[in-house]
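In the two complexes that follow, chain A is the common piece, with chain B as its partner first and chain C second.
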Partner chain A sequence: MSLEARVVEKRKPQLRRAVKPWGSFAWGYSDVGADIFVGLGLVLGAAAGASNIAFLFAGLVYVCIGLAYTELAATYPVAGGGQYFVLRGLGDIFGFIAGWAVLLDFTIDITLFAWSCVDYLSQLVPQLLTVPHPVTHFVVVLLLICGLCLLNVIGIRESTAFNGIVSGLDVVSETAILFFGFFFAFNPQLLIHTMQTSWPTTFQLMNGVSLAIISFVGLESISQAAQETQRPASIIPRTSISLILTILIFALSYSNLALGMQPWSGHGAPPAPMMHGHNVPLWAYLGNGENNGKAVAVLASYVPFYGALAALYVPLLGSILLLISSNSGVFGSSRIAYAMSTTQLLPSFFQRVHGRFRTPAASIIAFTLVAIVELIFAALPSLNTHAAMIYRKFFHGEDGITFLGDLYAFGAATSYSFVFIALIALRLYDPLSPRKFKIPFNIPMQIRGERVEFPIVGVIGFIGIGSILVFTMITHEIGRFAGPAWLICGLIGYLIYRYRKGLPIWRSQRHNWRVAQVDILRASGELELMDEYTNNLRESERRREEARQR
Partner chain B sequence: MNQTRFAFSFLYIALGIAIIVRLLRFGLHRELFGGVVLGLVLIAFGGYRLAFYVRARRMRVES
Partner chain C sequence: MTGQIHVTVAGMIIALFIAGAIGATLWWMVHPAPSYVQKLAQRAEHELERLVGSLIVVFSPEIDSSHMMALAAKLARGEKSHLLALYVIEVPFTLPPNAAMPHEERIAMDALAAAETIANKYGVNLRTEMIHARQTSQAVLDIARQEKAHLIMLGSFREGKYTGAPLSHTIETISAYAKCDVLIGVEGKHGTLLVDEQALQVAER
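And then the complex of A and B:
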């Protein structure tokens, strides 16, 4: 049977391709854009006067990650993201590990962003503050998580249009904060002074860098939406590059502003930043336990003139963005588990679809329960004094949001490390797939008679994200234990499942990636690329035949 | 909508130049490196969007 005939035979119902360029950008932005709302306070608390350097380092690694995702998502436009790329490039077991790490990230995403959403709302409703009202805070976060779970089981989901409106408003709002902040309050002398007098220790800086990476997690969303994007190979590179630069700009702006901004003190300004009755620098005020969960809203309120308006809407806008991001955790975890289950990396339990609502209800409920367990661990020190003592003794007294940040950084660094290796492997083993976007700076070479290009950026990115993974393991007491424990438990479960099913345990199942690739390109409407791919295959076979005859 | 994006591209370039000029007026300090990078990224982003806008406009006129 010919390649084309097999492809036609394998055709299945497809997702509707309705996502346009702005929609694709909004999908990514509503996920990644929310990260800075969480990351800023955590990094300021950890890296103090070197927070901008921590963001710069993590930002450069993020650019490499972004470029890798852009190339891979444009070449293989299917839902599944990093897990699919690793499965394809490195085989079943590594595909499972990467997918399992992404699942950890998605479950943390649910809890961390719901937690932070309530923190931002507490700027407007003080009854929701963690410090005097930990039980109320916990209950509201729990209700939000359960509510999102219910909505996802029923099948209601924020639409692309809603994402687009919130993302558009947020881009305009953050640009305004940036504009007013840099023009009316930024003082380079203060930045120099803060960096010279409050430079952290190496340990603190490593801690800050490992937390800064959480401000850049979520590029998965663009890849996840690839199967619903029109002409993904053309649109994804455009939207990804815009997203990478936008997020990098906001992260660098906020960190430099926090360190070098003179807080607004005129008529209508909020009270001067104070801790324990003493005036403190703005960055220290933003990084303390009371404000680190809502740092962007607090910083915005200190921007001259614009701060009066920003104080009213930034907490609300931030909480909506964070809730969307939390929802993307519920949605993403269930869909990744579903996808992993269809490729027999997870049991068929995760494929169970609700009879009435036609949603993967089993996956949604299972991973929401994991998120609730994580919430309990994060909230324990604030709810119970004995637990607080244990946390102080064994985990340096890490608070709830830092605990979640630890695990988030661990999961992201692990899955991204595998994505870089998959990028290199796919460049070497699948040179025939047309790449509409290719990361620059490559070394041309010949492998098995094919011309391939070895990506230098892939190696740089792997070293960068590898170092962040090491920093996470060194500096986070809980992350060092809980992160690897999650991976080991998952791996044991995977091995038992594969053994029971009689599937190859360490090796991969047989996949016909060539048929799959033609099918993917046809389904995505990239017919020119599909023709180019089939021509490349024919040419390659002709060259081999000639070589054999010689 | 395109006009708004066009205006934003200019705004980013202007903001990037303003930040770099403001920082460099204080002399060359290694502490200002992060700020200078921010200015450069702003200019790069504005330039990227602007180039895209111009290319799309030219293609529309040609077609």
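And then the complex of A and C:
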């Protein structure tokens, strides 16, 4: 290679490492933080007096998921997230399944959050309400999705700074709502009374738990931005743990507040919660079909003193955060598809870059179309009475947002299950990669002469997320069919593609992960970890050589 | 069902816990421990602060420091340093120390006025001083000691002709005996100032 060629090769453009701790947190928060805006109403509607228990169960599983992602993202700081970890730990075919499940989640993300964004706006603009104006609601959601697709094709994306500002405002706002709510309107007796008198059936509780997990989906975003984060191995554990704690505190606090809050009826308060002309408990009001898409905004309006102010801005702030989250679905899906295409898990079509805008336009448009199909499927019962009858007959009459929630929970539970297995596999087969953050509670053992640590939390998390996957399959009529159908269709496509390309169908391609790991650590600026890894490799070789000589 | 304010001890404790826990978590997050390379960078930054606390930019008929003056002004603006532009007029031993040298003084005034213009442009305070001395190097060293300077900045050597050495004896003496750091700015294509550009272009052709 000539000197010039080498110089040119060295100057290949790389993602600039400009994301700092707050930026990394904001990427995750703008995705996960929006989930509670959608999840609260759905869980209250499903799990009633046990909503806090549903959130607690899902929250504990989420802590395990968060710890697994934190360890993996700090060890392998590349843009690929869960799909990359599974590819590396379990091989091509499982990498594909996990990636395909993440893609389902991202497409649902686009529709679900655009839908919920319009729901929150309807708090300020009643013409956007689903119940009396389903066509307007549908058209606005459709326009939002198309608009986001267009913006992503021409390469306009919200910046890290914008994410950071919105996330900061939202953290402050939610903390203020909860602070005022607990300080001035929380009644522990009411909470106990609600839990005793409105305890759901086991089926409803399982349904609630399976929906509660959607309040915790999106940690993926921090891993996705790993390649742009400064010192990812050090920063990502901090931002991930902070995100886990923040979201957990918010989810548990909101659910307990909704069950034990006495709505404010003083000056500036909205009318008392009523349904069909009767007073109803706040949690029931928040969980009904009219309010479940905008539960946080409705709850905030009933908070003493602060509620009057919150009623003005929370719908707007919530809708902005939800729109950012919807947008993260558009670029996340195209990014994952691009990454999967480069590792030959998907056809090269998904790598096509627009000649003028230099964006993966083919991926963006393809997955936006999937999101639009999901939107039509979700909106159909409210748009057409015949469709509503069919849904009532076969799917227990689930409303649009619940249908989207079903699929979201299915996709998340599937991909997270694989991530837990990948975590265990990588602990066993790649013990030499330095782990700046390691999940606690491990069993030390020896495998092929190497000291490895078996993660107990990985097993607990797998059982937890596995049970949520089972709950989803049991309780969601549509999710039971649509989720597995998505996976089976994808898998058939994958097998055909690999067969036609002459690639190993069931087995994996050869990867030199050791070289890849050195490159990853060097590219991420984690030079101390790179030295540690090469030392570990050298030590391992020496031990093997000694063993051979003996 | 509806009611007025309902303050309970449990509610107050939970409210305070939420605010405290969120605040503490985020504070912890944005204060990570520095890495080895970050510590190196921090040390270098501290060095810079020490280096540019008090700056002296040296001018003389032999030393052209106008480009260093611009650099000093930029540094002084960023680091809020004390900045002194010093013009040294060397008085030959054949003349008494207080001999009038109007021509040299006029040139010095221009140089210091230009330095002030640069300083004003960057919004930094500049003291100017013009002194007569037998030896430029010794005068600069004395002033640097008096001023407790952290950094002496010098431009290129300027003489009637290029001697082949980029630094004069004056600059070498200052850099050898100064108790503080010395930054010497030799302009690119060293000696360009001293070379007839047109002749060079002809030769290149």
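Simple rule for what comes next: the second predicted complex is superposed on the first by the 537 of 550 C-alpha atoms of A that agree within 3 Å, B and C clash if a C-alpha of one lies under 4 Å from a C-alpha of the other, contacts with A are read in each partner's own complex, and residues count from 1 in each chain.
We adopt the following convention: contacts are C-beta pairs under 8 Å (C-beta built on N, C-alpha and C of every residue); 3 or more make two chains touch, one makes a residue touch a chain.
Remember, predicted model here, so these are calculated numbers, not experimental data.
> Putting chain B and chain C on the same copy of chain A, do they fit or clash?
clash
> Which partner does A:K438 contact after superposing on A: first (chain B), second (chain C), both, neither?
neither
> In the superposed arrangement, does A:L56 touch chain B (first), chain C (second), both or neither?
first
> Determine, under the contact definition given at the top, whether A:H133 touches first (chain B), second (chain C), both, or neither.
In the superposed model, A:H133 contacts neither chain B nor chain C.
> Please work out whether A:R514 is in contact with chain B alone, chain C alone, both, or neither, and reply first, second, both or neither.
neither
> Go through the superposed model and pick first if A:E528 touches only chain B, second if only chain C, both, or neither.
In the superposition, A:E528 contacts chain C only.
> Going by the contact rule set out at the top, does A:Q196 touch chain B (first), chain C (second), both, or neither?
The first partner, chain B, only.
> First (chain B), second (chain C), both or neither: which does A:S255 touch?
After superposition on chain A, A:S255 lies in contact with chain B alone.
> Looking at chain A, does chain C or chain B touch more of its residues?
With both complexes superposed on chain A, more residues of chain A are touched by C.
> With the two structures laid over each other on chain A, which partner does A:S234 touch: chain B (first), chain C (second), both, or neither?
second
> What is the contact status of A:R352 with respect to chain B (first) and chain C (second): first, second, both, or neither?
neither
> Taking 19-27, 37-45 or 127-135 from chain C, which overlaps chain B after aligning chain A?
Stretch flagged for C-alpha clashes with chain B: 19-27.
> Please report the chain A residues shared by its interface with chain B and its interface with chain C.
175, 178-179, 182-183, 186, 188, 238, 241-242, 245-246, 249, 253, 256
> In the complex of these two chains, what residues of chain A are touching chain C?
Its residues touching chain C are 21-22, 25, 171, 175, 178-188, 231, 234-235, 238-239, 241-242, 245-246, 249, 253, 256, 262-266, 272-273, 279-281, 304, 525, 527-528.
> So in the complex, which bits of chain A are touching chain B?
These residues of chain A touch chain B: 52-53, 55-56, 175, 178-179, 182-183, 186, 188-189, 191-192, 195-196, 238, 241-242, 245-246, 248-249, 252-253, 255-256, 260.
> Quick check: in the complex, which residue numbers of chain B touch chain A?
8, 11-12, 15, 18-19, 22-23, 25-26, 29, 31-35, 37-38, 41-42, 44-45, 48-49, 52
> Which residues of chain C touch chain A in their complex?
Interface residues on chain C, with respect to chain A: 1-8, 10-12, 14-16, 18-19, 21-23, 25-26, 28-30, 32-33, 35-38.
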